[in-house]
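Okay, so here's the structure we're looking at.
Naming follows writing order (A, B, C and D), and every chain is counted from residue 1.
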Amino acid sequence: MIINDAIAEILENVNQASQSLDQDNLEKAMGVLISSANVFVMGMGRSGLVAKAFAMRLMHLGISVYVVGETITPAINTGDTLLAISGSGQTSTILSTARIAKKRGAKIIAITSYPESLLGDLSDHIITIKGRTKIDSEQNYIKRQINGRHQSLAPMGTLFEITSLIFLDGLIAELMHKMDKTEDDLKEKHNVLE
Amino acid sequence: MIINDAIAEILENVNQASQSLDQDNLEKAMGVLISSANVFVMGMGRSGLVAKAFAMRLMHLGISVYVVGETITPAINTGDTLLAISGSGQTSTILSTARIAKKRGAKIIAITSYPESLLGDLSDHIITIKGRTKIDSEQNYIKRQINGRHQSLAPMGTLFEITSLIFLDGLIAELMHKMDKTEDDLKEKHNVLE
Amino acid sequence: MIINDAIAEILENVNQASQSLDQDNLEKAMGVLISSANVFVMGMGRSGLVAKAFAMRLMHLGISVYVVGETITPAINTGDTLLAISGSGQTSTILSTARIAKKRGAKIIAITSYPESLLGDLSDHIITIKGRTKIDSEQNYIKRQINGRHQSLAPMGTLFEITSLIFLDGLIAELMHKMDKTEDDLKEKHNVLE
Amino acid sequence: MIINDAIAEILENVNQASQSLDQDNLEKAMGVLISSANVFVMGMGRSGLVAKAFAMRLMHLGISVYVVGETITPAINTGDTLLAISGSGQTSTILSTARIAKKRGAKIIAITSYPESLLGDLSDHIITIKGRTKIDSEQNYIKRQINGRHQSLAPMGTLFEITSLIFLDGLIAELMHKMDKTEDDLKEKHNVLE
């Protein structure tokens, strides 16, 4: 079935990405997350859903975290961090938000496939997640037309989004260890009004 | 124009409601909001939007507040308060949430047109906001059919929703005074990432 | 009580705004809303909540409507309309979104206190809603400091937000009439999963 | 690093789940999704984010889809389908929503680890996704205390959530094929206001 091939393609991408993690870089990014007064997360479309999934776990860990665009998100200030997820590193709303955050003295962590992007330039820490993004698929359009090569079974930003989600859930496991938290600590914070 | 009549009907409802405010009751509710460890707000549909508009201002006032259903909302516990907005007082999701909150030791404040409703029964404090609600309009259906009386120009829960919003914004003015906050204090907390 | 004064200040603002409605202009805006393939609504902060409250009623009327930033919002195209709510007319995210929408051939309707703003310049139709907005309150800061004049009891954009909401609910009454819809027609579309 | 072990644990779970897919069952579920007048998706917490990620792609495919709880979601009716994601199959809000949907004549598709759950009982089609869920982790609490066994590196519902997301993205690949859609068809619908 096609579904099995699609899943295999996704897993292959995650596998490759997990082999090129830069430990030093991760340690620094975790240090920033733990020591920030508040962490603000942001992403557009499905990357925004990944940002929210990560934010929920940061809250469970006891880190003060807000989602850009939600109701009770306060002003960002020096001592805070904006974590922005953008495969292309050039989503315009992300860029303008990151510029405001930087001007107000906040640190920026980028999760992107393109460390050399405009978002990368603005960021204090970059976590590079390889994975065909929306813009790759645009650039490949003509090539594919020409040589009739089969399409990816994971359309648009799918590979980047899933790989980022899994990577960030891996980071949660690291943070649990570093902050000496057990699953039961996390559960105590879990929303019960559902 | 019809729009002028509709606005007049809305203003008339707010006016009437504002004349029957119970000062004692309000003082108690404000006391609960100020002294809670965390305030959780909730409403369905347009009442949920009113709840969010109120939550934003509570955050500006420096009160720790969460919206039920948003990403970073933690577990509710003793010492916390759930403020639930429901015109009918019988929205099923609101009731089941209020029951969980109560069982966990939280206080309940209801904003409703029906203090004798199931939600009213569950609540520690009730703020009654008169205003034709969704259920009134249901009960009036047959009557209207029979006597051909003109319809309200504010369909479904509109009067309750707007009156609640204005009332809660009035409460913010009271809270600013009580907490000795100026508009400039509020602005410092206002989200800047827009 | 302060709450009564605050409510009176809000009602006074709505009253004044309702006296300066431009019928011709409204007719044209309604024509655009009814004839659009899809209406997209947008606002930041509490103006965004007003936009959502209006969108819910447009949906009840059977108009195809989307909220910018929600999950299932598709691409905007020629034949569509973006209705943007911004008191100041200069919210940066609103401006960049309006520019994209315009470039793709959509019409723009602005709800703003400042028809001469950047948002006003971009728009095909402007509905002016008077009401002290966030920027007024900023510009008044020094004046207030100097002459010790009492502060507004409706902080930041409150007057603009509430006046816009009531105005848009009045517009719904007009649209019901124009589209020959009864309250019972609207109820049939009302979300039941709550 | 712990992050590598966590990623490996996640991938292992997806791998196992992908080996037990029931083709017949999937074909039927896809038939329901394609032939529904409207698809409504729902989930709480991180499962809700998975539901939204899937809804976005259904929209790109041209299927009429709504997210329960978002602004423009209309009444559900006969001919519609509710797709509910719940690891445990016993989330109370999900159950009460599914009951309303069923009573109104809609079909129910469940994504769950527990086909024999209350949600399973209510559903017309069940897609079983294995993966330690929140309740497993609760039931294992005492066992782990006793035998000091190391904890999962994917706390609470993580394995279920990620496996469901990847599975549903695989389903999108199947649907693209079945509906004869290319990636470029999907892109035409992709939100551009970001």
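One rule holds for everything that comes next: a residue touches a chain if its C-beta (ideal position, glycine included) is under 8 Å from a C-beta of that chain, and two chains touch if they have at least 3 such contacts.
This one's a predicted model, so the numbers in the text were calculated from it and none came from an experiment.
Common partners of chain C and chain D, by the touch rule above, are A, B.
Interface of chain A with chain D: the two copies contact each other largely through the same residue positions, with over half of all numbers used appearing on both sides. Taking the mean of the C-alpha atoms as each chain's centre, chain B and chain D sit 33 Å apart. Once the centre of each chain is set as its mean CA position, chain B and chain C turn out to be 21 Å apart. Contact with two or more other chains is made by residues 52, 56, 69, 92-93, 190-191 of chain A. Across the interface of their complex, chain D is touched by residues 69, 92-93, 96 of chain B. Looking at the complex, you find that chain C touches chain B at residues 1-8, 10-11, 14-15, 18, 21, 23, 26, 44-46, 49, 52-53, 56-57, 60, 91-93, 134, 137-138, 141, 151-156, 158, 161-162, 165-167, 169-174, 176-177, 182-184, 186-187, 190-191, 194. Of all residues in chain A, only 40, 42, 52, 55-56, 59, 65-76, 82, 97, 100-101, 104, 188-193 touch chain B in the complex they form.
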